[in-house]
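The data blocks that follow each hold one structure.
Two complexes are shown next, each including chain A; its partner changes from chain B in the first to chain C in the second.
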Partner chain A sequence: MRSDMGLIVKTTARATIPLIGIFGAYVVSHGHLTPGGGFQGGATIAGAGILFLIAFGFGEMKKRYNHHLYSVLEGFGGLVFLGAAMLGLGVAFFYNALWHEGPILNGQPGTLLSAGYLPIMNLAVGLKVFTGLISALFAIAAYRRWRE
Partner chain B sequence: MAFIATFVWCYILWLVLTAGSKGMLWSTEELIAGVIFSAIVAYATRNVIGEKASRFLNPVKWVGFIVYSIGPLFWGMVKANFDVAYRVITGRIKPGIVRVPVDLENDAQYTILSNSITLTPGTLTIDACPEEKALYVHWINVTDPHPESSEVLAGSFEKWARRLGR
Partner chain C sequence: MMLPYLITIPLFGAFALPIVSLAGRKARELWAILVSALTLGVATEVFRTVWKSGEVMVYTLGAESPLGQGVDFPIRIVWEVDLLGAIVALMIAFIAFVAILYSTEYMRHDTGLEKYYALILLLEVGMLGIAITGDLFNFYVFLEIMSIASYALVAFRNDTWEGIEAGIKYMFAGSLASAFILLGIALLYGQYGTLTMAYLAKQIAANPTFTAKVALGLIAGGLLFKSGAVPVHMWLADAHPAAPSSISAMLSGLVIKIGGTYALARLAFSVYGMGINLRTLGWIIIFFACLTLIVGNAMAIVQTDMKRLFAFSSVGQIGYILLGIGIGLAAYGSDVGEVALAGAIYHTVNHALMKALLFLVAGAVIHQLGTKNLNELSGIARKMPVTSFAFLVGAAAIIGLPPLNGFASKWLIYESSALFNPFLAAIAVIGTAFCTAAYIRVLFTFFGRPSEKVMNAKEPGKAMLVPMMILVLAIILMGLFPWAISEKVMIPAAKMLENVGTYVSAVLGGA
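== the complex of A and B ==
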């Protein structure tokens, strides 16, 4: 039984997977300016990975997927979120020190480099959601005991 | 080369999404962030887009795509929509699946032709078989059950697809 799709689906997936990825990156990085943010953008990027899994099949995904890398990146996303939250620990937990006296990310509100630690946290949550969803979906796709 | 093609493809979409951050143009920080995120996405998906995708970086091909989409494709869609409206009102349909032999070489050409056939109402590509050089098309009004070429149901689309996907 073939586990991948036909030629048209594959070729369209080749063209659209990078576009879905960059749109998800846009949603994540503009989470403090436009609707969306870490979770929504991360789920969008995970959609690109799921499109790859469905269009090219489990065998192709197995060659590209590295469980250790995804596991490390998911933990790294959580740690970056925690680290950003501890930046202003001299005043309080989650005190937005970068916004009040930080060297970067304290620009004019409405521009990309504003809002203190929010962009960092959005990127961390986006990375965590993306890697977590891909790992979960890959594990579900790998569970094939009914074939035995 | 596939990395460059993916990078350009991603960066164009980033520029479209972030236009207007400085007047009608782009602020410097958006441009730099676009380079960084496009590089990350392009590095992650460099093996997905295909080795020969850099041939689509040719500007002559972009002009070809624009001319095709606002010229033959749009006109074909307008004509076919009126034809389907006529068939809805009168009920004169004769549906069937036909095998259409085509003379194409690569995946991109098959995709362009199949999507063009699906976009024009009344015809729907069901499967593309490159090994037997044929498309299977569901047709609302079969006038020729064994067509010799795609001319009878797709007009000049095959010629355009061969040129654009080369």
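== the complex of A and C ==
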């Protein structure tokens, strides 16, 4: 049974997957400056992964997907978010200590290194959304057979 | 301030679980137990602080004051814990700890346990969040965390047909109920432009509109669904038997109360307390409470499946809690209303303890014998004496026998309903009569002649017996000092809940 697509689709996918990935990374990292953010960017990057899964087939995906790695990365994304939220616990939970006191990420508003913990949280959410969506779709794609 | 740790510790535990799981099964179980024990410690500390000071504890996320710069209205998410919130937070942390301890042995034969423990910790996060939040949208988010975790946990054994069926039913109907709640919140936000409960209460009091009533109807409808009140109780009778027993204990002991009756009481008193005619709302809730009492308890009698019987009994007990809240609303400001409300709060705690115990007993029986059909289970007492003793204590407590904790809370509800309207007291007593009949039937099954199937049974291991004994101990201890607990904890909690002024001014600071 062939589960992958034809040559044109595969070649196009080779060209577009990096572009989608880069665009998604752009959306995630500029979440505090432009529309979008962790969820939108993470879902875009996951779109690249899904394109890979559909264009090259489940067999190819299986070789490159490591369940433990993705599961750990998803937990790690959540932990980074929580850690960023707890940075300013001396004042309050979710107090943006990086913005108020530095050392980094307290630049001029509008530049990339501004907005305190927001870029960190965007990256964490992006990572969590990407790994979560890929894991979920891989698990659905792997789901046994149509009938038993 | 310990309050943020109530959320961060279990959240940290859930996020770290995939990483800890790499170290193997033992590490994962120890981690879950450790995290829930720490949460229990924090919850105890929060409860002690609120109880000692008698003041509403307010915590602002992101800054020191909830008010915006230069304005006199709150712009940030606040967490607001009064005594009722502290009581239910303690109850959640306690039952969750017991359930996690129990699942280490009970769930041993299942696969995918790293997801199980992560979900059970998220369920705890969601419920604790509902208990402490003072922000309407934050409440919705935590409600969804709780609901989605419980959908997944109900369908956790996805190789059984009933798990999937119950999970789908619960998820479809539950999502619809959540959507009603979100719609209600959206209407309130559109009308008043704020989501902070305390400020919203002030706004509704100043300008009670029809929109606010529509929103109340939508939200209360959604919350009645989540609590399993009678016209919309059908998901509960399927979900509780199909879930793993440690989860049934949490669903029945906690989820239906936190996402249902607690949230309803919080909304009715703290948000709408000054803005609408509480008498009407009270009578509407009383109507559903009476239906729930009769139908839930009556349906419990005819069941042959042990967990289904307990599930319907939970519906019946929700009826008592709703009755207490309803009378508390309808007789707002009088002694009768206060006693009824205290009875409802007390019964919430008591029922959480005893229903958790009963479901853990059912889990032990299923784990050892592989069946929950009452017709096949006669004479378990000979072979599993400790489990049967735990059942005896739980059943006696739920009926309300005097030396145990169920007596005092039911007494408060009977007494206040008799003073309020004797007809309601009659309905409550009929409900208890049905409940007694249902449990006596199970009792006779347990203590009857041993059937063939039971002959080879033996007690479960320590990890399952110890949680049951903890709950038995808690029930007996609480039963020894019923009036002291009611005077010192439950009546003050009811007073604090009724006193909307302090709830509002705790956030707005007199502004």
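The definition used in the following text is that the second predicted complex is superposed on the first by the 145 of 148 C-alpha atoms of A that agree within 3 Å, B and C clash if a C-alpha of one lies under 4 Å from a C-alpha of the other, contacts with A are read in each partner's own complex, and residues count from 1 in each chain.
Quick note on the criterion: contacts are C-beta pairs under 8 Å (C-beta built on N, C-alpha and C of every residue); 3 or more make two chains touch, one makes a residue touch a chain.
Values in this document were obtained by computation on a predicted structure and should not be read as measured data.
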Combined model on chain A where chain B meets chain C, clash or fit: fit
Partner chain(s) touched by A:92 [first = chain B, second = chain C, both, neither]: second
Touching partner for A:67 - first (chain B), second (chain C), both, neither: neither
Which superposed partner A:15 touches (first chain B, second chain C, both, neither): first
When both partners are placed on the shared chain, which of chain B and chain C touches more of chain A: B
Which of chain B and chain C A:78 touches, first, second, both or neither: second
Contacts of A:25 with chain B and chain C, given as first, second, both or neither: first
Closest Cα approach, chain C to chain B, once both complexes are overlaid on chain A (Å): 21
Where chain A meets both chain C and chain B, residue numbers: none
Residue numbers on chain B that touch chain A, as the complex places them: 6, 9-10, 13-14, 17-18, 21, 27, 29-30, 33, 37-38, 40-42, 44-45, 47-50, 53, 107-108, 110-111, 114-115, 125, 127-128, 130
Chain A-facing residues of chain C, complex: 4, 7-8, 11-12, 14-19, 21-22, 59-64, 114
Chain A - residues contacting chain C, complex: 68, 71-72, 74-76, 78-79, 82, 85-86, 89, 91-96
Residues on chain A engaged by chain B in the complex (per definition of touch): 6-8, 10-15, 17-19, 21-23, 25-26, 29-30, 48, 52, 64, 107, 111-113
